[in-house]
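Letters A, B, C and D name the chains as they come in the text, with residue numbers starting at 1 for each one.
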């Protein structure tokens, strides 16, 4: 009994240690990814910079503790209650997040689907991000180029419950089909967004089939890292590979020649530009209906935040390249997409 | 000097005074019987001696020095070895490991020296005349061998005091004789032995002194057994002379049997069982532990498969596959293991008493209210004089006797035509026991067929009309009960031992 | 002869061992590259880590409980291991010791609460899972640590001898250690005694509280080992390490013949359980089976193993009855 | 001798127990939880602006509704002393079946909803049947079935959502009744009431409790324990399906990922609510109200902690601490009760 009491007391102290903080009013932007992921790390700085540059009430990066749809919805609802009125949201689910966004809109907020799109019909203003399908398509194109226009490709991608995964699988297939049989996708390995299964499956595949493939395209962060490591491990520079995103491991592998290149996205630009647009829209601007929207598999209101293929030559300077794209986007956005008083 | 002396120990549990000013003295080189009816406080006393319970008052000394054990571990270290009623062996482990379980090494990370342990264990096995390889897993031993292993385990602790709680309960008489020979040798070596048993024959056979408990008090404190005879001891145990049953032998009803087994065999191992119970008749089923009596009851209830013969209920040939089907045929079973099989201790009196009638009382939609159940089982509980604060009382809080009444009440409430009662007086007080015996008679008088299973010969002679004797999963014979204890018990033992001799 | 033959088949590891052997032979006939040195290397790396994870659960299964927090321990140790090296420049050798200490303490703490309060291990380790995973996320904010020294990376990716990776070394030490523990050490025998018959163990004078704490501390130590092995193998301190340990940590011991109620475990059987899971995972990749089917196959595999165990149990029980 | 016996019995009579009825209530799990909830709610309402806004109350209520339903699904099988790791998988599978029926097959909602719930029960039946027939603990069986159910669902749907459901479905998710109260919370309250009646006033409910508390005794009292345990799993399946449908209404679409990989995201709320609410993991005793209060407590604390901006990443650790505290407090309560001879 005593020990129970002691343990209880000790834990109470621990529980009390979780203590509060406060927020202040204004045009308050929250940048909310679907869950913790290194991809979004740049959003934090982007939000801070935007807050300073555009004099926002807030530009806070808030992450759901787990990659879980319910967690993100709860967090968004709480942020709305806390007085945030403008949201950059990476949809936890292309369909499922619509309900939460419509709640935000119903309560006088506004949201841009960022880095990933929401499926139409959607209450989100528009989608600002990388066209996942297109990025996979372009990446595969680069790979095919590196392979000399023919050969066999293996495709490593992420969670099956993510509908983007199917888009990526289709896009890679499409790029291969366009070669009229010169290039074939011999294997798709999916559901490997967690490092351990990714490691096991990719290594197992390369161990058995290294001789049977000429190229690898990865369309999710973890498989890209793992595949880059594996190629380095077996020291095979014959197999071409195009990765995705800017993980240090992938960039180093590009510099060392084990990976041909990676499809970079523009997370910083998304966060910075998105915050800017949200502020504008709250202070008198409206979106033009006849703006040059692009469309993709999910939505007809898509703005490309830019995607760049980085190879060994550009691996050190990609940050500048991205800044350039962001600057261009920022400079033209008001003119092209908004009508301001 | 006494090896172990218990002085004026009292112990109360919420609602029950289990021990009241109890004393007992065990001396080296002597076997001391601890007697008492179920619920008299024997197990509580043993638990206090071994430190499982703490005494409210009183003291315990060993060889003159006061001791106060916090747990069985300390008791063992202090030289007090106990062989409990329950099997306390790790069956997957070897014999030697079980014997030496608390001495596998000095500290947690010591290696177990198997040869040394086997050698040490072999010494004790030899002492016990147990001819098994110390490396045999305990799961491969017979029940009697397991019992000896437990004794070896207690002895190996260099116990100066050895308490044996019902050591012969699951042994055949010849196995018991082996055990007694060993106990006598230990006694001659100077060990103080405490011996708990229900079998008075054994007590007179092996014990030198006796302490009798009755209702938590000393009926006698460490008296020499030589000066006592069987009747004296029984009188001390139950507070009056053992009566030759006051009930007259009842006339046999001439009705057709309610339940009839014909050459019945089961997957539990029963062979060619034939017996019949008539409405209004109390058929006793006697046998030693392991004879297959409870197993037969459960097999008939559909818990084991039928492999041969047939079951007839009210003249109709039936197959029973579950207790629910048995209940539908009007057969109920009061388990010997009230806590594990008879009652749901977590639930209320009402829920336990009404469990058999829920289906019948529910309306077409399956709804039923407490009030409906209460109005149905309430009168039965009242008639059985179940003492409970309310029907909502958790049944685990009632005394053993009241619990037993509820477990009978639920079948009376269900209106069964045949009630199988398995060891009705385990763990209940004498008053309730007498009451239950009357109740069983009353049930029979009102036309219920009763199959009574008990290991208590006195109870059997007192209650049953006829006694079927079982051994080795077969019926050995049938004894008419004329309430003459000597005659009936001799006949029954004859049937059991006759087979053993053959 | 006949008797000894059945005896061999009563050993837990024989069944899974034969299945492993058959699978290896079968697959290598269709896919000769299956037995290539590199594939063996890959297979052994996967087996090494998963075996240590399974051992971490095995010790708790042995005492008749379950540890849901195993992965949370591993994850916390993994990121702490990298964090101390990256942020404070602690040499790897010292970092490993810190990792062991964290795992052992975390396990010991949860064992302490379980033993002293008597609350079911399921609930305590469920709370532990939240707490330790929460601390992990609180520290890392879900960002990986990259500062893994080359020596650690090499340990996870270089071969010790031919196709045998260095990672096999900790697995061997852990496996032999656990085998020795369960068969020869007092603490191991006490763990199994408590799992087999807790009352008997208690009455025999075994200190149950201490033994439960020991078991959970050992479980924590093994989880820590597996967490750090994964860091070496993945070359990165991922906060998600450990998230997916739960299913396989139970599946392998169960396939290997462990009794979930406690008291009976087999280290060799568990090893072959791990091997079977690893081979099947590989086979699904090798034969390009639809990734959507993978889950179904894994679930079916667990059911199959349970069924086999059940049959064997029944058979053994029958044999005992006859004897 | 007879005197002594009757004394023993007399001591068990109500006199010294009756006065403690109020104390018992005060020490009951539900009361303790309700007090904690009131305390937490009061503190949050006073210190956190926006906590009591209609929107906040609406979202909290809705979350309580869904989490309670998930908790009830698990509770229905904990009754037997078992558990069901596949609740999430069943919930999502039923939601996807509903999505297919309502969107592709064009089945009207009043028919599609019961069909989806029935489908959940069928999956529950499979679990229960295998558990009863194999005699293997439900932990392992449902560990396997979680993989199998979810795998088949993903295989058949290719992970695609049904997002063109009849408009009434998303409307349900947003519908408010009587100010800020979500219709989903009302549904849950109705189910709570029904379950309370079920466990107290029906034969089947009572038999479930009896079989859960002591299967052997129940079997020997004429209850077909095997069937009852299967029925418990079916109830779990049905409730999990209902929870899946409620989540579908909230999400406005049937989404394969709404309970995470293998449906694992549901496991925490599924265990948290009943355990906090005082349902015995060993079976035989349930508290429907306790489960509701347990879910309410977790939701209010989470919401409050988020509003306090504790840092999203520490919430998990705080929840874990709370669970540990709650079970320790429960243990303390039991020890107090026992020390006073009240249980």
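The working rule: contacts are C-beta pairs under 8 Å (C-beta built on N, C-alpha and C of every residue); 3 or more make two chains touch, one makes a residue touch a chain.
Note that the structure is a prediction, hence the values are computed from the model and not measured.
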For subunit A, which other chain has the most distant CA centre? B
For the pair subunit C and subunit D, the C-alpha centroid-to-centroid distance in angstrom is 31
Express in whole angstrom the distance between the two chain centres, defined as the mean CA positions of subunit B and subunit D. 42
Chain centre separation in whole Å, for subunit C relative to subunit B (CA means): 44
Do you know which subunit B residues sit against two or more other chains? none
Note the residues in subunit D that touch 2 or more other chains, in rising order. 154, 158-159, 313-318, 321, 324, 328, 331
Find every residue in subunit C that makes contact with two or more other chains and list them. 113, 117, 134, 137, 141-142, 292, 294
Mind listing each pair of touching chains for me? A-C, A-D, B-C, B-D, C-D
Can you check the complex and tell me which residues of subunit D touch subunit A? 47, 49-51, 53, 55-56, 59, 63, 154, 158-161, 163, 170, 173-174, 247, 250-253, 255-258, 260-261, 265, 302-303, 305-310, 312-318, 321-322, 324-325, 328-329, 331-332, 335, 339
Please give the residue numbers of subunit C that touch subunit D in the complex, ascending. 66, 113, 117-120, 122-124, 126-135, 137-138, 141-142, 247, 250-251, 254, 260-261, 290, 292-303, 306-307, 310
The residues of subunit D that touch subunit C in their complex are 130, 134-137, 139-141, 143-148, 150-152, 154-155, 158-159, 262, 268, 271, 275, 281-282, 311, 313-321, 323-324, 327-328, 331
In the complex formed with subunit C, which residues of subunit A make contact? 3-4, 7, 35-38, 41, 63, 65-66, 160, 186-191, 194-197, 199-201, 203-211, 225-226, 229, 233-234, 248-249
Which residues of subunit D touch subunit B once you look at their complex with the stated criterion? 1-2, 4-14, 17-18, 200-204, 206-207, 209-210, 213-214, 216-224, 280, 284-285, 341, 343
